[in-house]
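These are the structures in question, set out in turn.
In what comes next, chain A is part of two complexes: it sits with chain B in the first one and with chain C in the second one.
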Partner chain A sequence: MTDPLVTVAPGEHASARRGRRSRWRRERPPAGGSRTAGYFFVALYVAMLLCLGVAPTVYAISLALRTSHGLGVGNFVDSYHLPEFMPAFKHVLLFEAIWLVSQSVLVVSLALMVHNLSRRVSATFRFIFYLPGAMAGAASVVIWLFMFTPTTSPFAFIEHALHYTLLANTVTPANLPVLFAIMAFWTGAGGWIVVMHGALNNVPTELIEAAEIDGSNVFQTALRIKLPLIRKWVVYMLVLSFASGTQLFVEPQILGIATGGEVPPQWSPNQLAYYLAFQLDRFNEAAAISVDLLVFGLLVAVLIVWRGKLFEVQ
Partner chain B sequence: MKSFFNLKSWRGRSLRSRVAFAAVVVTGLALAAPGASTATTMSSKKPLIVWIDTSRIPYEQAYMKANPGANIKWVIYNGNENGTGVLQSKFALWNRIGWPSVAPDVMFDSQNYDAVQLGTAPYNDLLSLSKYVPASVLKGYAGHSMSACTTPSGKIVCLRNDTAADVLWVNQGLYTKFFGKAPVPTTWSGIVADGQMLKKGHPGYTVGDIGDEFDDDFIYWGNGCPLDQVVGANTVEIDPTNLACTKINNLLDNSGLEGNAISTTYVFAAGGFPAAKVVMMVGPLWYGTAVFENGKKAPDGVPNGTMAAYPPPLSVLGKPITGALGGGLWLVSSHSSQPAAAAALAEFMSTSPKVQAVGVDAGLPDYTPDQAAYVGSFGSVFANPVVSGKAWETAAAEVWNGWGPTPWSTDAAWASTVVPGVTATPPSTLGKQMNSFALALANDARLAGWTVKSTSKCINSFGGSGC
Partner chain C sequence: MLARHYAYRIIAILILLVFAAFFFGPIIWLLLAPTKTDSQIINQTPLAFGSFGTFGHMFHQLISYEGDLVLTWLKNSAIYSFGGTALAVLAAIPAGYGLALTHFVGRRALLAITLVVMIVPATALVLPLFLEANTVHLVGTVWSLILPFGFFPFGVYLAYIYFSTTIPKDLIGAARIDGAGEWGVFRRIALPLATPIVALVAFFSFVANWNNYYLPFVMTYDNSQYPLQVGLPILLGSSPSINPVAATGGQAVIYRPEMAMATIIAIAPVLLVFLFAQRTLVAGMLAGSTKE
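Up next, the complex of A and B:
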């Protein structure tokens, strides 16, 4: 009984009977031993974050600010004036617009629908939705290569309806943002449906029952009760997806190599940075573009968090 | 501008086998890395490290047979396959952190334009070979082919492996059937005229193909259209309005053949390419066994002894020039601790008849003293071995040196700007897409820090606003 962890048990036990008070009790900081364990686990994460997150960022910033005439913003100006700079950002923004809108609408509506099904059916559906997410990155690009090729695709009928007979007809500059949005959707949507389902499970049943008693139908309950209560999760999804979307790299890179260059090697900003660093040995301008991406992602995240009131306490 | 072998082993197959091939290469790399065949040796000297691609394994075997006991560590890599930039990225990193002991001394490189980039600033990582390789050997390479190994300041930074010059491939049986004893065309307009006759009388048969990711090499390079002309240090001339360019565009666009007798599919299409319907086609030497006599049955292939190579057609301006599609290079690192031995190995690989005669599939040696023996080994592979052999040698010497070694891929620019249009239904014309192709090239050049010279309003305008 000297173990501080065990002393919590009576309080827990009492909570069932004493309701309110016990909740207050449970939220008290845990006693000494578990606090040390907490620091230990956080320390591991902080060490990883410093090595793999903060240090490379600091290095990128220092590279970006170093020019042949000392410290300055020359690399930012030079990289901005590259002919591929603005097109690369336009490509990615167009891709993000298509992807984020379709992902938000489809993920939320599928999660709401699945949540209304019986528990076993809903679990099956969530598992099926999640499956494509298991093949992320390079593996998914190889599969999509088959799917986009009219002679091998199971969806060839769609491509034939569009008069596509070769992979080159599918992989056109105008189609690229749509193709990458399709790939990103199938990689990520399943995982987010599971997350949204978890969020929906936190909606109190009393609330839903009360709405039903007041005569709310399935759609009204979904849109007026459930949706507002998971809004923060949707915002959370947008922030994370936007950041990963601006870093689009693997999909265009591999599709480009597989098609002999139909996706230019500077299609996305991240590809442009990679090309500068590893094809032309110009690390400083590449670092400047990476910093641009970081600032861009942070600004949009702050905007979404602020407008979406993500951290507001209800 | 791409490797003979790169194309044969990677593009030359269906999508399914491409993926399988990638898997094999990855496994091969994993297996090769730790236990790369290190020759047993008595000396404690550091072995020469030589990087080759999978297609060059017969070369390794030939070398070891000729030099038993040589202290060499052979490492398999992807040959710097187009778009992967393995050497560029490794060199860039090694130049920052120092060159490790696992760095290669000698490399095979499948990309024609790599040597000059890696041998000049900011890289400067290749050994200048004129000190180590006799001038008589350097003069032995076909035509102007050593221009891909010569930096603007005149340094020799690589040796050529094989040549992949364009010839006119003719299905001898079909040609005699349709055209009797008429001589095979020697001009582009002759090819177009034959195409028009076939379109009318024998629809379905073809005289060419413009749907591939690399067809800019025979259409524009082979016709002397200055889209990649190095005119000084880091200066390129890109002139889509030049007569050579507009003339070939007009000839093909006005022929009414695009999409029928000049097919717009891939020669390596995933669903198969009707090789048995090709009466004639301008293409690199290796098309002979990779596209036509490829071991497949009609319609995707023809039996051995069907095709014959003829000299490439004269350019639209009447010049005896042609383009090329591949041909590898041997590079020597300037960071090698044994430069003389490394240069000697590169020279041996590039010039020795023991290495450069490993089969018709391997590609014509660029080193001319080796060529006669090589084409003499044709046997019954092609329909007319004597004519075909002569045509190969002629083509190797005619590759136009107007397209220089620039650190970007003209094929990639062509693939992203023109291929989607010409392969669409109905196809767009070459002329309509010329500006976007040229602008993509100019952007690639400017991105690489080069100066672009042009008389085209499109290229000189800001952001392509005048296109």
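Up next, the complex of A and C:
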């Protein structure tokens, strides 16, 4: 799952903004100095990049291409024909659709509302929204397990309205994408609200004042002036969230443990890869699915870096 | 016009309060749960407070689970997370400096690769990393976690941005003309100014490492090696009040309050960092931006 803290920390907004403003073309290192000293400073990082980024990728690709008849795409084809393959991707896509649509609408609306408040109140709300980000991972799943149980949940009135009385009523195959979307929103939205708030601070106040003098109301200002100016960040959020959403693992895994099998151990593609590797010893097919997911993540990343104007890499 | 303006404002605040309840409610519930017994959790209103005595009792119950297994998991979490964080800082700070303030062939390419790798979700590399670690016999050792945790391109990117915006290029140029070697420039000019960025990289790295589930789940063999994040689902699976198929009797002491207590311990370090250091960290970043 996504680690919203790593991708969207409040500081990052400021830094990314600066990076964008300063444009890499003009951002040259100072003149003078040795031409080889740089290698010394980056050496440890480059060694790790090679050993822990490039090498495992290459190794996974080579495993995925190794079949009993020599090199080929057999493992990719075989994994595609597994009965769990298509459902796993469908599950994740459905989850993504629900999560991304609701998150975009809510994050933008909440950020706009928070931005209209006084500084102190706004900071308090942002902090409350951001706090669950500390609980990403297994802990958030355990917390939500209690929230999804009508007998323990402070949100039980919602579950009762839906005639749920047991955890098993909430955790059903049909509900799973919504439940994972709620968890992902809970841990991740706050970070994005902070980012959007930072982006809104960049909107020139003269522009907003001019619109208000021209008789524009709160909604018109938000839709016609603020939204277009933060659109880039919304796209960035969507793309990054989409890439991380495909990696769903810990949520279905733990919910499966807690409900004694309501969630099959091959619910998401990552779980399927894990299941193939560790339950069935089919490492080559597992590697093939990993490569599918990795290639997907790489494509999204390359797309953001080269086509998105966020980082200005020429 | 003015009345309408206030109406918008009140509606907005109400909506924000509803969402504040959504974001904050589960945290409040979690903190209150171990103050109650298992049956009180079921029978009292969800946000009722029990007693501090029960809270202490639940802590004791949890710690005595299977010897002091939970403490072992906590210790493991600390070793993996701090080890990874130390390595991440050690690699990222000089690398960010090198990318920002020195010349070398391939600098731009390395920056672009860093951005790409930073965006690829870390989970995508877990199985490939396991397969690699397996061939070099590192699975089940602390290195199978500390090394991947230490590889932190986002930290390199943060350090790069920090050094290219906070340290005046003239200063570096002047130091070079004065005959300070490259190492001397780094040690005497960059490092003394680096405290905020070290804190920032360490913070993000630590949070990511502490909360990581998938990598340690794959890389560790048995109970005694698990970090707390991997231990939580084990507790969950052994708890008869949560998991109906869990074996009852025996030494199962994990009920809802103990489970909530375990979750509190699992989130406490990160939550504390959030509560006390966040303002400083954000201020540090913003201070950097005004020096442009």
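Note that in this section the second predicted complex is superposed on the first by the 242 of 314 C-alpha atoms of A that agree within 3 Å, B and C clash if a C-alpha of one lies under 4 Å from a C-alpha of the other, contacts with A are read in each partner's own complex, and residues count from 1 in each chain.
Heads up, the rule we're going with is that contacts are C-beta pairs under 8 Å (C-beta built on N, C-alpha and C of every residue); 3 or more make two chains touch, one makes a residue touch a chain.
Everything quoted here is computed from the prediction, not taken from an experiment.
Shared-chain residue A:D214: touches no atom of chain B or chain C. When both complexes are overlaid on chain A, the residue A:V142 reaches chain B and chain C alike. Comparing chain C and chain B on the residues of chain A they touch gives the larger count to C. In the superposed model, A:A37 lies in contact with chain C only, and not with chain B.
In the superposed model, A:F249 makes contact with chain C only, not with chain B. Once the two complexes are laid over each other on the shared chain, residue contacts for A:E206 go to neither chain B nor chain C.
Look at A:F129: by the touch rule set out above, it reaches chain C but stays clear of chain B. Touch criterion met: A:V263 reaches chain B, while chain C stays clear of it.
By the document's definition of touching, of the two partners only chain C reaches A:G297; chain B does not. On chain A, the surface touched by chain B in one complex and the surface touched by chain C in the other have residues 142, 145-146, 151-152, 257-261, 277-278, 283 in common. Residues 1-3, 5-7, 9-12, 14-16, 18-19, 22, 24, 27, 29-42, 44-46, 48-49, 51-53, 55-57, 59-60, 63, 106, 109-110, 113-114, 116-117, 125, 127-139, 142-147, 151-156, 186, 189-190, 217-218, 240, 243-244, 246-247, 249-250, 253-254, 257-261, 270, 273-274, 277-278, 283, 286-287, 290, 293-294, 296-298, 300-302, 304-305, 311, 313 of chain A are the ones that touch chain C when the two sit in their complex. Looking at the complex, you find that chain C touches chain A at residues 4-5, 8-9, 12-13, 15-16, 19-20, 22-30, 33, 41-42, 46-47, 90-92, 94-95, 97-105, 107-108, 110-132, 135, 147-148, 150-151, 153-154, 156, 158, 161-162, 164-165, 169-170, 172-173, 176-177, 182-183, 185-186, 200, 204, 207-208, 211-214, 217-218, 229-230, 232-233, 236-237, 242-246, 256, 259-260, 262-263, 266-267, 270-271, 273-274, 278, 281-282, 284-286, 288-289, 292. Note for the complex: chain B touches chain A at residues 11, 15-16, 18-19, 22, 81-85, 88-89, 91-92, 95-96, 122-123, 211, 213-214, 265-266, 269-271, 407, 409, 411-417, 419-420, 423-425, 440, 442-443, 446-449, 463.
Those residues of chain A that touch chain B in the shared complex are 82-84, 86, 142, 145-146, 149, 151-152, 163, 165-169, 171-173, 256-266, 275-283.
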